[in-house]
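Each of the two complexes below includes subunit A, the first together with subunit B, the second together with subunit C.
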Partner chain A sequence: MKKRLILTLAALLALSLLLSACPSATPAEEAEPTPTPLPEGVVKVTWWTEPLLGTNREALLRDFVDTFNAAHPDIFLEVLFQPDLDRVTRTAIQGGAGPDIVQSPGPAFVIDYVEADHVLPLDDYAAKYGWNKEIFSWALDVGKVDGHLYSLPLTYETMVLWYNKTLFDQHGWTPPTNRAELEALAEECQDQGIIPFAHANASWKAANEWYVGMFYSNYAGADKVYQALTQQIHWDDPLFVEAVALLKDYMDRGWFGGGRDNYYSLTLTDHWGALGDGTAAMKMEGTWGFMHAPIYFEGTGNEWEWAPLPKLRDEVTPVYDLGIGSTVSINAASPHPDAAAEVLDWLYSDPKRAAQLISDIGGGEYVVPIPLTEEDFPPEVDPRFIRALTTFSAKFAEGDYGYTTWTFWPARTEQYIISGIEEVWNGSLTPEAYCQEQQRLFAADLAAGKVPPIPVRQGSE
Partner chain B sequence: MTTHQTTQPRRRNWRNQLVPWLFMAPILALNVVIILGPSLASIYYAFTDWTGMGRARFIGLANFTRMIGDPVYRIALVNNLKWTAIFLTVPIFMGLLGAMLLAPIKRGQIFFRTAYFIPYVIASVVNAQIWRCILHPLKGIGPWLARQGIPWLNVAWFGRESTALYAIAFVDNWHWWGFLVVVYLAAMQAVDTQLYEAARLEGANRWQEFWYITLPSIRPTLVFTLLMTVIWSFLVFDYIYVLTEGGPAHASEVLATEVFNAAFGRFEAGYAAAVGLSMSLFCGIVIAIFVALRRRGWEI
Partner chain C sequence: MIRRRSRRVRSLAPNYVILILLVVFSLGPLLVLLSNSLKSPGEVGRNPLGLPREGLAWRNYVEAWRQGDYAVTIRNSLIVSLSTIVGVCLISGLAAFALAKLNLPGADALTMYFLVGTSLPAQLFLVPLYFIWARLHLVDNLLGVIIIYWAVYSPFAAFLLRSYMVSIPSDFEDAARVDGASEWQVFSRIIVPLTWPGFLTAGLVVGLWAWNEFLFAVTFLHRPEVMTVTTSYYNFAGRYGRDWGLTSAAAIIMIFPVVALFLALQRRFIEGLTEGGLKT
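Presenting the complex of A and B:
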């Protein structure tokens, strides 16, 4: 009896361990401290960043951390990969601790740190290292609070139309450039049993805001968005209401992920997989997709391609929306702020090193806002990626851009955009009511100083 | 002599009272730092506009008046009540039934107890992920059954507003009811077997044995699990967060996910503290009822 009990318990334990080894919903990558004892006179700079998987992690450590440490014998840079980075960092910083280099999800998130005196102004470092010559001016502008520079973009991005080129070629389709072409193509896809857009949010609920932002930019237009962000017009302007109504119409037609139920159920693996195997034709998503596309098209015999998003109203000029994936600042409690500034400078000071890192990571992250030319990239880099980066960075340099919600909207309004659109999609909220509530929240956040600086568009005032 | 004799017991008495406190001191200190301190801080922050960082500004009852008028709070509260109702009935019934059926089994009982207990010891994230795969709307059991000619189960359970909350409750119950079986079984095995023998001599059937002997005998265990079920139902978070994050369109929103969204999504830590305080209040009411019933002499 006792033996049987022990055997059963052992089986239970083994099964538990086996099941616990199954992949979880969120990759639980533990931080990796480097317990090297530091030689005399060497200072340590810590940087907590988001977890990177496999070769991307190796690329960051090899291309950035190792090169920095080799070039700076008096500084030891330690990068820790922190799951749930923003929450962990906020908690640590609030407690007077945290890393020397503070990474946040965007400029709007830095405002709280600035108000609580948790991050240092970077103006002197910018002057010392000549960042205003190295880094795009819009990138420095968005990091300013009350005229002082507090953060630098770690990565910038935009939204594009991804499509299965092989499927398009087979059917003689071309990427749509306007609403009529987009809708005709979506209907044809649906008639042939192909999902028009591989969209879903089960892995990332905030995906909702990508579509709201894109429809604002490509239906109302980037100028109107700029005017609303600066409150020259309001978010309940009829053009924004119509943009939301159009988004609801597309969802109602089942074009996103094959229907609302699937949209809420399918994960990143599902929707990128669907685009790769041709179950779906297109997807409107950010340039971080350069990391996903090669993975999900591999072995399918299909080829991926990207195109600019189509305009959704004739009067609108299509633009690339400017997005900042994350920012870096220096912790006010850091014992070595000068050494931390050296680390930041290492990110922006050499285009070839930056291009190498971007390429090795796959193109979607650590895209620092500095001018890069084709010659800066290693020869083996996918030309589709180089074409994308050089195209939209040139547009951004001219001030020709739109605005992404996660970069320029304050946190509370942004969260409402994400959750409220689901109520619009299920019909419990009208587009008008949705936009009115956005306006109410945005106005309150603006009055409270929670809106980050809005870089002026070319031709806007 | 008399003085000496009275001082000694007093000293011993004082020492006897002190020693247990000394043993408890470390855990008490830990509780003060980890539970009491943050709890008191939360009460304070519930009356402020704190963002989770920097200074907090006192705003009186503004968070509470907002909470009363907040439609998301109302949806979350109703969902918590639905969740409580589900977990006060379905797993309790299944647990009692399972224990009752398992109690007479002598051979292989360990196997069943172990099998029922396995889901309970697996991390909730893993359980949720397993069920996300099983109920996948394209590759799960639903589409497979549809291909076999049974289409009515081919539903995106977590993606549909009408089913999301119940689908999550199903998954949570899957891990929970087996635990209750083991708990109730342990309680049933402590019941005096002579009571059953006497009942059988009187001609009682299985149902009458259960109703008149088992249930009254395990009442303290049963009431305790009911009490904990109510409390845990107001605190439920993990399965909902992992499977739907409270969506779609707040269909599976509960108070704990709303606290999380307010504190870490919208950076309204003051409002989150107020919602958290209301959760504590609901749990406090349940505990007060439990204590009051005990004081009235209920054997629970």
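Presenting the complex of A and C:
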């Protein structure tokens, strides 16, 4: 027995030595290794970021890290792809260490860091680098706590209507622009055995909040949502209750994923697959879909397209809901905050560089909130993608946007939005009761200072 | 004779039906995993449960190996697992010997302390541990993680080995002591050979734990050159999605060494657990 064990361990050891000799990555994918020791006068800035899929990882290293290091001989930027990013960063920072650049999943998460003095105010850097001219004003506003700037949005996103264009062309359909058109189209899809909306939440329960937020914006309207976020009106206002009732009605009709059972049991992968092969006609989802659409339509012979979400009430002006996917701040324990600020400025200071990075990653990540025009994008980029980015850029530059729940709602209320809507769908809670509980939680969170900064809405008081 | 045999087969039929169902239940997900490891990500979306219909994507294994950096992470995991086995066997063996054979004052309290220590969730001490480890330069260092594994896995192994050692008659040790053996010699020459199956089982269990451990590895190892095999899995996912073809291929790569080790030593593994009086 001993002999067998020793042989097994020896085999494992030999295997490890053999494997270590195998190539692990192509040179193009490898980050520039840290020179050890760093040349005199060179400081190192570390940044832990979300893991990216292969080619996206290469794009970030090539378009951002390598260009930065080439242009800054006195700074060495090292980007590490950190699994379980938020929790690990939080642990490291609380332990008095962590990266120089702190990435968080959104402005609400930064509030905790600010309260514990874990991140530095960026006001002086904003003035030095002119960020108020480069970056949209709302983007700076959402990063402020008690009037001071602590974080910058690294990625913004919005909700759109994705649809199978080939299927639409075959049936002579056009993307719906209002509730009547949407409902007529959904009924026609259902009559023909096509799932109207490829929606499901088995792999991402928080998908529930996408629909609640979209129905608030497109039924009650962005102005009303702003008024509720600032508590000029309450969340149990009849317009919000009607929006939730309409959402329940669509679920009851089996339009989402083909029915409640499918909705709760299928994954994001399944429903993108359904949209790709024409089993489903549309889906309402965020602009991170630009990363998914090419993958799930490949090999199907079908084409994808996107359109603005339809308004669900005549009195409403359609808007794109604004979401912040991630933010960046500077660690208070960083030995080189000035160098870290230089890295942040590299994100926002050149629209062409930003557009190149966004295009190479394919949307969803590093979509920085600066004005972008068609000329900023490389010519080979998919025109549907350019149209989207330039449209959002123009709208958001004017302050014309709606609100996503994961960006502007406090964490506890957001969690209720996600879990409570399932009770509404299942019939164990009325839309009125759901909205009343939201109001109760939101008011308590507001009193506790947990509501993220809400930029002043243009045209509102 | 034939009639009796056929009656016996008939009486066993329900057993076989149940066993076949259990085999399908346990192997089904593995077959789906194997099947999905040979599909493109788009095909996984369109055809998540069926066999590959759009060609076999063998390149998934090559890409998973490359993108998961398995050449580095498997090596690191082997270093961590083998070091954990050696360290835990030494620490817990000595601890078990002291608890079982040396009549230490407060041995029961120490045993209780170990028991309480094993039941504490790791998240409770993660931040202070990171604080200390960062100052000792043990972050991004395989030794830092190995020391943690020694600490958190040794109590379990000590319990297991103690249960073996208490069953050894003290006559063996007494005879050795009469012949002039030191306590170390009693431990290394008498106790270890007699409890060898226990050491084997403890080593296998903690080795598998160290191989599969994620929380400490992902918290204390950030640089790619020190990451372990469980963190490789994250190279196939972004924030908004996962490449299920690569993920499935990576899962096959990751579990293969563990399954091979288990199959090679499964009889001793199960016997060792039951002989010691402890079952997991």
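Simple rule for what comes next: the second predicted complex is superposed on the first by the 424 of 461 C-alpha atoms of A that agree within 3 Å, B and C clash if a C-alpha of one lies under 4 Å from a C-alpha of the other, contacts with A are read in each partner's own complex, and residues count from 1 in each chain.
Operating definition for what follows: contacts are C-beta pairs under 8 Å (C-beta built on N, C-alpha and C of every residue); 3 or more make two chains touch, one makes a residue touch a chain.
Bear in mind the structure is a predicted one, so any value in this text is a computation, not a measurement.
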Touching partner for A:D261 - first (subunit B), second (subunit C), both, neither: first
Contacts of A:G106 with subunit B and subunit C, given as first, second, both or neither: neither
Touched subunit A residues, subunit B compared with subunit C: C
First, second, both or neither for A:L80, with subunit B first and subunit C second: second
Subunit B versus subunit C as contact partner of A:G325, first or second or both or neither: second
A:N426 touches, of subunit B and subunit C: first, second, both or neither? first
Subunit B versus subunit C as contact partner of A:E115, first or second or both or neither: first
Contacts of A:Y296 with subunit B and subunit C, given as first, second, both or neither: second
Touched partner set for A:E365, first subunit B, second subunit C, both or neither: second
Which of subunit B and subunit C A:A92 touches, first, second, both or neither: second
Intersection of the subunit A residues that touch subunit B with those that touch subunit C: 4-5, 8-9, 12, 15-16, 19-20, 22-26, 87, 94, 270
Of all residues in subunit A, those that touch subunit C in their complex: 1-2, 4-5, 8-9, 12-13, 15-17, 19-26, 29, 48, 50-54, 56, 80-84, 87-88, 91-92, 94-97, 267-270, 272-274, 276-277, 286, 288, 291-292, 295-300, 325-326, 364-365
In the complex, subunit A residues that touch subunit B: 4-5, 8-9, 11-12, 15-16, 19-20, 22-26, 86-87, 90, 93-94, 112-113, 115-118, 202, 205, 260-266, 270, 411-412, 415, 419, 422-423, 425-426, 428
In the complex with subunit A, residue positions of subunit C that touch it: 40-48, 54, 63, 65-67, 69-72, 74-75, 78-79, 82, 126-131, 133-134, 139, 196-197, 200, 218-219, 222-224, 231, 233-244, 257, 261, 264-265, 268
In the complex with subunit A, residue positions of subunit B that touch it: 51-55, 72, 110-111, 114, 117-118, 121-123, 125-126, 128-130, 132, 136-138, 155-161, 164, 242, 244-245, 247-250, 261, 264-268
